[in-house]
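Single-structure report; data block below.
Labels run A, B, C and D following the written order; every chain starts at residue 1.
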Amino acid sequence: MHDFRKINVGVLGATGTVGQRFITLLADHPFFILHALGASQRSAGKPYPAAVTWKQTKPVPAVVRNLVVRECKPEFFTECEIIFSGLDADVAGPIEESFRLAEFAVFSNAKNYRRDPHVPLIVPLVNSSHMAMIPQQRALHTPPLRKGFILTNANCSTTGVVVPLAALEKTFGPIESCMVTTMQAISGAGYPGLPSLDIMDNVVPYISGEEEKIEWEMLKILGGLTEGDDGNKAFDMHAKQPLRVSAMCNRVPVIEGHTECVSVRFARRPPPSPQQVREALLAYTSDAWTMSCPSAPRHTVFVHEEPDRPQPRLDRDYQAGAGVNVGRVRQCPVLDIKFVVLANNVAIGAATSSILNAELAVCKGII
Amino acid sequence: MHDFRKINVGVLGATGTVGQRFITLLADHPFFILHALGASQRSAGKPYPAAVTWKQTKPVPAVVRNLVVRECKPEFFTECEIIFSGLDADVAGPIEESFRLAEFAVFSNAKNYRRDPHVPLIVPLVNSSHMAMIPQQRALHTPPLRKGFILTNANCSTTGVVVPLAALEKTFGPIESCMVTTMQAISGAGYPGLPSLDIMDNVVPYISGEEEKIEWEMLKILGGLTEGDDGNKAFDMHAKQPLRVSAMCNRVPVIEGHTECVSVRFARRPPPSPQQVREALLAYTSDAWTMSCPSAPRHTVFVHEEPDRPQPRLDRDYQAGAGVNVGRVRQCPVLDIKFVVLANNVAIGAATSSILNAELAVCKGII
Amino acid sequence: MHDFRKINVGVLGATGTVGQRFITLLADHPFFILHALGASQRSAGKPYPAAVTWKQTKPVPAVVRNLVVRECKPEFFTECEIIFSGLDADVAGPIEESFRLAEFAVFSNAKNYRRDPHVPLIVPLVNSSHMAMIPQQRALHTPPLRKGFILTNANCSTTGVVVPLAALEKTFGPIESCMVTTMQAISGAGYPGLPSLDIMDNVVPYISGEEEKIEWEMLKILGGLTEGDDGNKAFDMHAKQPLRVSAMCNRVPVIEGHTECVSVRFARRPPPSPQQVREALLAYTSDAWTMSCPSAPRHTVFVHEEPDRPQPRLDRDYQAGAGVNVGRVRQCPVLDIKFVVLANNVAIGAATSSILNAELAVCKGII
Amino acid sequence: MHDFRKINVGVLGATGTVGQRFITLLADHPFFILHALGASQRSAGKPYPAAVTWKQTKPVPAVVRNLVVRECKPEFFTECEIIFSGLDADVAGPIEESFRLAEFAVFSNAKNYRRDPHVPLIVPLVNSSHMAMIPQQRALHTPPLRKGFILTNANCSTTGVVVPLAALEKTFGPIESCMVTTMQAISGAGYPGLPSLDIMDNVVPYISGEEEKIEWEMLKILGGLTEGDDGNKAFDMHAKQPLRVSAMCNRVPVIEGHTECVSVRFARRPPPSPQQVREALLAYTSDAWTMSCPSAPRHTVFVHEEPDRPQPRLDRDYQAGAGVNVGRVRQCPVLDIKFVVLANNVAIGAATSSILNAELAVCKGII
C-alpha cells in the first residue's frame, strides 16, 4: 500500500445513522484522521457520547469519545481538509454548499446535489472517471475555487444494481433495458425510520421517491462524461444507447442489506450466455482496488454459485460490506439475463462509498 | 343464494397445513358437510384432536372434534362425494388416482396432476371453463368413469398473478410478456417449512421449482381449451399469442400473504393506460361470483388507491383472503404497465381455491 | 340478552391506535351507537377516512365513513351520553375533565386519572364493585355532578396479571407476593411507537414507567373499597394484607399480545396445589359475564393444558381477545405457584376493557 | 501472553451448529491447531465444505477447507490431544466415552455427562477450580486413565445467570433464592431448530427440559468441591446454604443472545445495595483472565448504565460474546436485588466456554 500522508477529516450529521457509520469506519482508517464532528445546534457543545444515541453494534470508538460536537459551520472545521456529510436532505443543501465555498472537499451521502450537472455522482466501484468534472465545478465560482468541491455517492439501492451492470457493459457493450425489483432493509430509512408496526410480518411495496432515484441515477452513473466542442464537459446520461430502467421498490423486514432481482437486455445480439456473464462479473475490477484504496474490496463483484445465495443475513458483511454480491445468474425468458444482487446499504450503499470516493480523490491527486 | 343440497366431503392430508385450512373453512360451509378426515397410517384411528398439531389461530372446530382419522383409502370415504386433497406431493399421486378410480370428485391442492393434459388446472376466479375437459378425462378409463375426476388448483404464487392478468386479457386482448418478482410468505412452505434461522432478518432469493411452476402454469390457466377436428379437446397453452413469462421468486419474513411485483406488455399497440387498467381490474367479475358460489369474493380484484398498498399484514384477510389485491398500477418504462399484487397464499392461493372449484363444479352440474 | 336501549357514544382520540380499536369494536355493538369522533385540531373538520392513517386489518367501518371529525370539546358531543377516551396522556387530563364537568360518562384508557383517589381504576373482569365510588366522585363538585364521572381502565400489562390473581384471591385468600416478568408486544407502545431498528431481532428490557404502573395499579385494583366512620369511601390499596409486587418489563418483537411469567406466594399455609389453582382459575366468572354484558368473554380465564401454551400469535384472538389465557400452572421453588399469562393488550388490555366497563355501568344503572 | 506450545485439536459434530462455531473460533486460535473434524457416517469421507451446510456469517475458514471429515472414532484422531464435542445429546454419550477411554481430553458441549458425579460442569468464568475432580475421574478406570477425561460446560441459559451470581456470592456470601425468567434466542435450539411459523411474531413460553437444567446446574456450578474424610472429592451442590432456584424459560424471535431477568435474595441481612452490587459485578475477574487465557474477556461482567441495556442485537457481540452483560441493577420489592443479564448463547453460552475451559486446563497443567 502507498505511504499516504495523514489527512484530517470531519463528519457532518455525526449523530445520525450515516454519521455513526462514518465514525465506525473512519476510527480505524490508515490515513484519514477523525478530527471534528458536526451536528445540529441541539447537540453542539456536548461531548459526542452525550450527544448521540449510539445504535451501532460496536461501542463508540475511543477516538471520538472526547470530541466535542460542533455546529456545522466551516469555521469550526478549519483543521480538516475533507468533510464527510451524513446530513439529512432537508438541511444538507446550504450546509454542504457553505463548506464547498470554504474550500473543503465535501463527500456527501445526501441526495441534494446528485442531479446537479456539475456534481459527480460516483459509485466508487464504477465511475471514478467522473471526477474529471471537478475542475469545471470549481471554475463555476468567482473567483474559481482552488480546492472546494462537492462529490456525491449514489442512493443505496442504485449502488447495488449499477456495479454489476457496469461490469457487464464493460465486457458486452451497452445495456438497453433493465428491470429491477428491490427488497430493501429497514436501515435504509435511517433512524427512527420505519415504525415497527409498519414492517413486522409485512412488506411495504413502496418507498417514496426511490424508484425515480434508481431510474435516473443509473443513467448518470453508467453514462459518459463527454466534452463538447467548447471544451465543456457534461454527463451524457447514457446517451449513446438509450437505457430504459424500470424499478419496483419494496421494504422488507430485514435489518441490513438490500436484495435486488435484476433482469437486463443487452443491445448486442446475440446476448452473452449466463456463463459469460458470470465470468465478466468475476473478472471485473474497480479502480479503487487497482489504485490500492484501503477500503476497496478484493472482489468487486462476488459471484455466488449456491442456488439460494446471496442472502442478506449471511452475506452482507462479506468484505466488510464493501463489495457487491451476485447470484442466480440465469437466462430471462423476457429480457436476456436475470440475477440477484445483494449490497450492504449502510456500507457500500452509503458511508463506505463516500470514504472510497475520498480515497480515490486522494490517489488521483484531486485532494 | 341457491338452495343447495348438502354434500358430504372428505379431507385428505387433514393433519397438515393445507388440511387444517380446509377444515377451518369447511366447518362453517353452507352445503359441504365435513364428514371424514384422512391422514397417514400413523394418525389413522386417532380422534382428530389427538392426531393433529393444530396451528390455526381459531380453535379446532367442533364438527371435527369427534371425528376419527381414517387411512387415505377410498373404502373409508364411501359416504362422501367430494374429496379435498391437501396431501403432500410425495404421496398425492397414487392416492388421488385411487379416489378418482373409485368415482370421487377429487379437488387437489398438490402439484402432481397439474401438468396432466386431461386434468384441468383451475384458478376459480379465472378459468372455470376448463372444467369442460372433465368428460374427456373420465372417458380415458375403461369403462369410462361416471363421476370420478381430478381437478387441481394452481400454485399459490401463480394464483396471485394470473387473476389480474385474466382481467386484463379479457379487456385488452392478449398479453405478450410478463415479468413477476415474488416476495412469498413462509406459510407457503408448509410446516415445519423454513427453519427460523434461515428466514429471520433475511430474504432467501430462491424457492425450489417455484419459478418453473409460475412460468408454466400461467400458460395453461390463461390459455384456451380448444377442440380439434376429431372432437378432442386440448389445453392450448396460450398458443394464439405466445406469452413469455419470467419469474423471480423470493421468500421473505412474512407469515401469510404473497406480494408480487408484476410488469406486463400487451400485444395491442398502443397499450392501455394505467387508468384503463385500473378500471378493467375493478370491472372484472368471476363466474364464481356470478354463479353465487358462497366462498366467492365480491371484489375479484380489489384495487387499492393508496400509494403504499396492498400490504400483506393489513390486506391479506380482506374478504377472508378469497380475492386478489392490486395496487400501484403505473406505467413501466421497459414493458407497458406495472403493479403490485397481494394474494393470500393459504386462502385463494390454496384451500379456498379448491373449495371454490368444488362449488363451481356443483353449480355447473358436474357434481 | 337484555333488551338494552340504544346509547349514543363518542370516541376521543379517534385517529390514534386506541381510537381506531374503539371504532372497530363499537361499529358492531348491539346498543352503543357510534355517533361522534373527536381528534386534534389538525384533524377536525375532515371526514374520518381523510383524517386517519388507518392501521387495522379490517377496513374502516361503514358507520364512520361519513362522520366528520370534531374537536375534543364537550359542546360538539351533546348528542352523546358516553365518551370513550383514547387520548394520549399528554392531552387527556384537561380534556377528560372538561367532559366530566359537562356531565358525560367518561371511560378513559389514559393513565392520567388512574391514581386519583376518587376515580375507579377498573379491570372489568375483576373489580367492577369499585364503581361504588362514582357518587362520591360526583359529589366533590359544586354543585354535585348529576351524571358526569371519569372511570379508567388499567395499563395493558397490569390487566393480564390482575385477572388470574383476582381469581386466586377469591378462592384462596390474599396473595402476599407477586413477581411478574413481562414480554410485551410492540402495539402496546402505540403508533409510531417503537422504531423497527430498535426491536427487530431484539429484546428491549425496559419500558419507561411500566414497572411502577404494574406495582401500583395492582394494589388499587385488587384492594378493597372501604367505608370510614364518616361514610366516606376510599380505595384501601390491598391494606388488609400488604402485597409486594415486583415487575420486570420487556419489549419483544411480537405485534399483539402481552405474555407474562408470574409467580405468587399466598398468605395462607399450606398454599394451594397447582391443580387447585387451575380449578380456581377455570371456575372464576366475571360480573361482566354474569350480567350478560355483550362484550364479556365466556371464559374469563382460559386455562391451557398443552405445555407450550398460551402463545401470543395463536391465542391472542381467542374470544376476540376479551378473556385472559393462562398456562403452565406449576409449583415455584421460590414462591408458591408460577404460571404464564397471555392477554391481548389492544383488546382486554385497552379498548375492550373500556367498553366492558361502560356496559357494566349501564347494567348497574350508573348510566 | 504465555508462549504456549501448539496443540492439535479435533472437533466432533463438526457439521452442526456448535461445531461450525467451534471451527470459526478455533481457526484463528493462537495455540490450538484445528487438525481433524468428525461427523456422522453420512458426512465422513467428504471434504468439509461439501459435507456442511455452512450457516455462519463468516465464510468457511481456509484451515478447514481441505480437511476431509472423519468418523467420530478415536483411531481417526490420534494426532490430536484435545477433542471439542459439539455432538447432539442423542449420540454424544458413547462417543465421548470412547474418546475418554482412548486418553483424549474431551471438552463437551452436550448435556449427557453434566450430572455425572465425577465430571466437572464448568463455566470458565466461574468454577475452574472444579477441574480438581479430574484425577479422581481418571482413577475410576482400571487401569486409571493417564490423560483422558471428560469436562462439560453448562447449558447456554445457565451460563448467563451463574456468572453474575458467582460474582455476588464471592463478595456478599451465599445467595438463598434466585428467580430467573429467560427470553432465549432461536439459535439456542440448533439447526433446523424452531420452525419459522412457530416463532415469528410470537413467544413460546416453554423450552423442554430447560428450566430443570437451570435449576440443577446452578447448584453444581456455584457449589463447592468438598473432600470427605476418605479423601474422596464430591460436588456439594451448594450444600452450605440451600439455594432455591426458580426458572421460567421462553423462546423469543431473536437470532442470538439470551436475555434473562433475574432476582435474588441473599442470606446476609441487610442485603447489599444496588450500588454495592454494581461494584461487585464490575470488580469480578475470572481465573481465565488472570491466567491470560487468550479467549478470556477483559470484562467478565460488563455493567451497563443506560436504563434500556443490555439488548441482544446491540450487545451480544461485545468482547466477541465471551463476557456477560448486566444492566438495570435495582431493588426488588419481593426478593432483594433484580437485574437483567445478556449472554451470547453461541459464544460464552456454548463453544467459547469449551475453548476457555481447554485453555484453562492447559494453563493449569492438566493437559
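Going forward, a residue touches a chain if its C-beta (ideal position, glycine included) is under 8 Å from a C-beta of that chain, and two chains touch if they have at least 3 such contacts.
The model shown is predicted, which means the values in this text are computed figures rather than measured ones.
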item: Equivalent of B-C within the choices C-D, A-B or A-D, defined by over half of its residue contact pairs recurring; value: A-D
item: Chain pair, A-D or B-D, that carries the greater number of C-beta contacts; value: B-D
item: Inter-centroid spacing, chain D versus chain C (mean Cα positions, whole Å); value: 43
item: Distance between the centres, which are taken as Cα means, of chain D and chain B, whole angstrom; value: 49
item: Intercentroid distance (Cα basis), chain D paired with chain A, Å; value: 42
item: Residue list for chain B, restricted to those that touch at least two other chains; value: 55, 200-201, 253, 255, 313-314
item: List of chain B residues in touch with chain C within their complex; value: 55-59, 200-201, 255, 313-315, 317-318
item: Complex contact set, residues of chain C against chain D; value: 177-179, 181, 183, 200-206, 208, 215, 244-246, 248, 250, 252-255, 259, 261, 263, 307-314, 327-328, 332-335, 338, 340
item: List of chain C residues in touch with chain A within their complex; value: 55, 186-187, 191-201, 253, 255
